[in-house]
Amino acid sequence: MHALFQKIAALPWDQLPQWLFLIPGLLMLLAAFAAVCLRNLIHSALCVVLSFICLGVLFMALGAEFVGFVQLLVYVGAVAMLILFAILLTPASEVQASNNPLSNFRLSSALHAAAGAAVSFLVLAGLLAAIAFSPRAANAELPAQPAAAPVALIGENLLTYTLLPLLGIAVLLTAALVGAALIAKEDSKS
Amino acid sequence: MNFPGSGIIKGMAVTALNIVGSYFDRAHAKRLITEQYPEERPKLAEASRSFPFLVFDGDDPEKGIRCVACKICEKECPPQCIYIVKDTDANGKPIMRPKVFDIDISVCMGCQICVESCPFESIRMDNIYEVSGYDRFAPLVLHKPQLLKSNAYYHGIRPTEAAATDARIEAARLRKEAAAKAAAAKVAAAKAAAAAKAAGEKAAETKPTQPE
Amino acid sequence: MMLQILLAISAALFALGLLAALTRRNAIMVLIGIELMLGAGNLNFISFWKFSAHPETITGVMFAIFSIAIAAAEAAVGLAIVIQVHRRLHSVDVNEANQLKG
Amino acid sequence: MNFFALLKDFLLQFLGLFKNLETLPVECMRLLREFLTKLGELCGITMPQWALDTVSALVLIVAILVTFLVLFALMSVFERKLLARAQNRYGPNRVGPFGLFQPVADGIKMLTKEDLVPRAADKVVHYLAPIVMVAPALMLPVFLPFGRGMVAVDLSVGILAFFALGAGTELAVFMAGWASNNKYSILGAMRAIAQMISYELPLVTSALVVALVAGTLSPTGIAEAQSGYFCGFLPKWFVCTPWGFAACVLFYIGALSESNRCPFDLPEGESEIIAGHLTEYSGFKYAIFFMAEYVGMFAVNGLLVTLFLGGYNAPFPFLEWVPTWCWFFIKLWAVALSMVWVRTTLPRFRIDQMMQFAWKFLLPMSFVTLLAAAAWYYAGQGPKAWMSPAAWSASALIVLLSYLLLGTFCFTRRHSATNRRYLFSE
Amino acid sequence: MSASSSNFFSGTADAGALEVSLGPHHPSTHGVFRMNVRMEGETVVKLQPVFGYLHRNHEKIAEKNSWLAAMPYTDRLDYICSGTNNWAYAVAVEKLAGIEVPERAEYLRVIVGEMTRLQNHTAFLGFILGDMGAWGSALMYAFREREKILDLFEELTGARMMLNYARFGGVRCDTPAGWLDKARAYLATYPAFLDEMEQFLTGNEILLSRLQGVGVLSAQRAINGGLSGPVLRASGVDYDIRKVDGYSIYPRLKFRVPRGEVGDCFDRFMLRLLEARESLKILQQALDQIPEGPVVNPAVKQRGFKPPAGEAYGRIEGPKGELGFHLVSNGTEKPYRYHVRPPSLINLTLLEEMCLGTKIADVMVILGSIDIVLGEVDR
């Protein structure tokens, strides 16, 4: 037992903060995986929200706390509610016989799922291979002075360098707002 | 000035007045009227009534009891919550006194009709309000010993009404005495008249025999 | 070494998003899958910005911010469409919605 | 240098701190950290630098948690006493002197109550809802400056972080409503979420107004911008400016609805649906919801004090001897008790009136205050605006004009007690 | 009312509809009263009132007991205003037996009756704000003032709410010493409370928006529904039995009868405030003009009271509406038939019609504005 303590004490405890960002990363992957696999819709929606939170924490760990908080505000505050309301307003209870021949065989849906899994696995393998063998990624190391994105810099950049995209986003958001309201509005017919 | 929102501000002013008022109004006069019950006992009005009780004169409950067990109140009581059994003396002859007098105060609603219908002023309304018990039936039936309370107690809780009742009883007694005296006088007068008449006849009897 | 781990994490997240989009039959889960993929993209932007030579030009961060805004707008419109589809076909099964008419 | 000598030495130092009240809390924290590190050395464990940082952060977090839980306990008593005084009665005065131990009694009652979970409820989500509700609420006060130099986490995006974490409550309310699986809960959850979302916009916009004028998103920066006095003795608080007063009222209304308090306590409108999303909660979980609501209310009040009432600055120059952190808590209590005062007076909104009030009155009003603040700032060329009459008149005009215009449109056009006639017959 | 709610729920539950049963154990129904409400989202589509939970068989008990024994039971009809209940029963019996009531008794009856109306309207102001969620501060102010009237009742009759004060041909007991001055002194402070209540409430925007335009009732519909009391007058119908019948000494007293125009919850709320002010005027006049003299007609034998065979219907203007007693006597000690016309129940019949299309929160306010007491509804 004493040796075990020695070995633990010898670990490079002082560089630990560098690798602390792994915890939210792994938790996010776990939550995303759970979201994909859970049958109950509400549970999977909540797991997705957990993964959004961990993504926000990851951004903060990487120094861009403004993006982290925006991520938290936008996804946890708004998008999560949208998803939960959508699930609430579309009770999946009426599963009547679908007229699509392909979907009512037990076998076909399993086949369908396997095909999807295979494609996504292939994409994952390709990406990992690219990461592993790219030389610049291997020996990239932190720049001299630590990368920080203070709000003043972002604000100043928003209004000078990226002014046009800002106005574009404004127009896009209002259009989306009006569009979503119109589409979801209960038209008089039904 | 009724700019939008002025109504809400006026309402808030009233509550503010009450909050501040409650701290500076020590005399409980206008605002803070809560009585801290166990410490401050409520001051009951003289006429306030809760459950009936039996009055007895003097200091011995058994001898001084006014109730004559005439059962009028038992018949008149709307929820029928009074139960009376007439007392019998040594050799079984019923006498004008209740042996058992129970009032079920879980049924009684304190409506005071028994007090109005009692011709002998023997049942009155009490103002006790701590009569709760730990059982549903037994403690809520008051038996005769618990009901009997002295006339002095009655004067304590209702001075004016007790005085008026005593005055009525006194007047009734005087009237009875006067009637009794009058009756006695009448009887005496009748006896005297009869005696005089008898004496007269004897005299007449003796007189007719003399003239033959 | 650290950058490679970050990129691996975002690749995994992207793959999970793709998995959700492809295999799940409920339209809402497809939308959730798209959100995950967009999140993975943002993670890449921030990690490359973190390990870039001169981080004071915060293009990576700006890109991430704008992509979050667009993702929110897209989610709103997407879910509105899903609700309307449900109102028409009384189901949110992706295979059902295969006619463009009406 | 055994343990007791260490303890005695630190106690003496602690007593010495009371000479300078202003820096008392900061010195206490420093002293506590030193004590812990020395204790660590005594036991022979040498801690790397990041461990020392986490220990000092933990000390701060424990301090904030303790203060806010004490505030919650006291608030639950003072609220009931003030409510009682407005209703001409005494309020709790049986447990402890003046009823001050009432929270202890409530706490014990809550802990001993049986914790029911409905059979058809979604167990996991039902269990998680109070946790998701109370976690962000306890994280919010970390960003508030309690005194000069006394802020737990000095972020340059403090305000944004505050609202980002505040968004968690809607999620928790939905989880509570959905998991309880009964009609009343779902209705209550729907109402609560609709209310929170529609009142979050005016809340954030009025905070934006202050960020616009103060030029920074960090709470300490905003508090510093409000120190100092103009024309001699008036404090440079933002609430004294026309746009600041309007934004403060909007923020106050937003804060009221964010913590589901009186005119907006629709989710637990007992007269309609029993306790909204809290119907199926009892015992300890209900106590946690109760705590989350109060700590959330204190956090939003703290933000209101920082943004509009000058954070930790003294109101008048001659009152500057009072330590700064006292000012923060005095103002915090003033705003909290004013919320109770509102609760004693106003009846509840109906759901459609509440939404109409938010979207048709509060939101346009908050954009107008944004405009008025900009006018005030540029008419008075920056910080000199406090003195320039042009700035004041411009912003005052904009605010009053729009208030009357919007007010008549929204409130009194249809309902006015004056146009009602009552005929009398002999 | 058949409480068969089975057919109510068997309707096909289409997507949005939500059936909720409000009560009988519900915080803001005034007593044990249930409403099966079907709602689309928030708006009410169908509402079925269900009551009978407080039925105590009052009329059968009265027919089993003697005439006088029924008097304490009338206290429990509308347990908030027992003064007017006793008075109505006494008026009906006096009409049946043709009994004369001395002057002082009439004045005492008017004083107790108007005080009952005053404290009932005060309690109403408190209740309706409790329904709207005003946390009871207005309720406490109203009850603080009502307590003082109940203390006056306790000094006069011995009980705060169950007075049992009226007797056939007069009242049970005369006023104790100093009671009239105490009553005059207290009623002098009452207008200050009504002004405070008015300032506290009628300008309040939230209250205006919650009350105005809610539960509108047209005058024609109110008359057809047989409504009476403040609810009827709020819809604009000038019908007050004190003016129509002119019973007791009301023709001698000068007072006015307010009536509204729109007939919504706000008018009913204001009606009670204005009627409380009129009652104050009546009380001041009655307290000044009260003569000396006997308080009960000595010729009437209270115990073994046997009215001649016949039938009579006596009514008075109770705080909730026209409170009437229909008595049939066959010359014996017990009434042959004893029926009560309950204003609360008859005002309640139009509840569903007022609530259709409103929100669930309005249903509570409309029910509160009718001001029902379940003792009178279920008897």
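Labels A, B, C, D and E are assigned to the chains in the order they are written; within every chain, residues are numbered from 1.
Here, a residue touches a chain if its C-beta (ideal position, glycine included) is under 8 Å from a C-beta of that chain, and two chains touch if they have at least 3 such contacts.
Predicted model only: the values in this text are computed from it and were never measured.
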Contact-graph distance - origin chain A, target chain C: 1
Shared interface partners, meaning chains that touch chain C and chain E: none
Chain pair that, of all pairs, has the most C-beta pairs in contact: A-C
Distance-to-centre winner among chains (Cα means, whole assembly as reference): D
Relative to chain A, chain with the most remote C-alpha centre: B
Chain centre separation in whole Å, for chain C relative to chain B (CA means): 89
Separation of mean Cα positions, chain B and chain A [Å, integer]: 86
Separation of chain B from chain E, taking each centre as the mean of its C-alpha atoms, in whole Å: 33
Intercentroid distance (Cα basis), chain D paired with chain B, Å: 64
Chain B: positions in contact with at least two other chains: 2, 4-5, 7-8, 11, 14-15, 18, 31, 33
Where chain A touches two or more other chains at once, by residue number: 66, 70, 78
Where chain D touches two or more other chains, by residue: 86-89, 344-346, 411-412, 416-417
Set of all touching chain pairs, with the criterion as stated earlier: A-C, A-D, B-D, B-E, D-E
Parts of chain C lying in touch with chain A, wherever the complex brings them together: 1-9, 11-20, 22-26, 28-29, 31-33, 35-36, 39, 42-43, 46-47, 49-56, 58, 61-62, 64-66, 68-77, 79-84, 86-87, 90-93, 95-96, 98
For the chain A and chain D complex, residues of the former touching the latter: 13-14, 16-17, 42-43, 46, 49, 56, 65-66, 69-70, 72-73, 76-78, 80-81, 84, 88, 150-152
Footprint of chain E on chain B - complex, ascending: 2, 4-8, 10-11, 13-15, 18, 31, 33, 44-49, 72, 76-78, 109-113, 116-117, 125, 160
Of all residues in chain B, those that touch chain D in their complex: 2-5, 7-8, 11-12, 14-16, 18-19, 22-23, 31-34, 36
Chain C-facing residues of chain A, complex: 18-19, 21-22, 25-26, 28-29, 32-33, 35-36, 41, 44-45, 48, 51-52, 55, 58-59, 62-64, 66-67, 70-71, 74-75, 78-79, 82-83, 85-87, 89-90, 92, 94-96, 98, 100, 102-103, 109, 112-113, 115-117, 119-121, 123-124, 127-128, 131-132, 137-138, 140-143, 147-149, 153-154, 157-158, 161-162, 165, 169, 172-173, 176-177, 179-181, 183-184, 186, 190
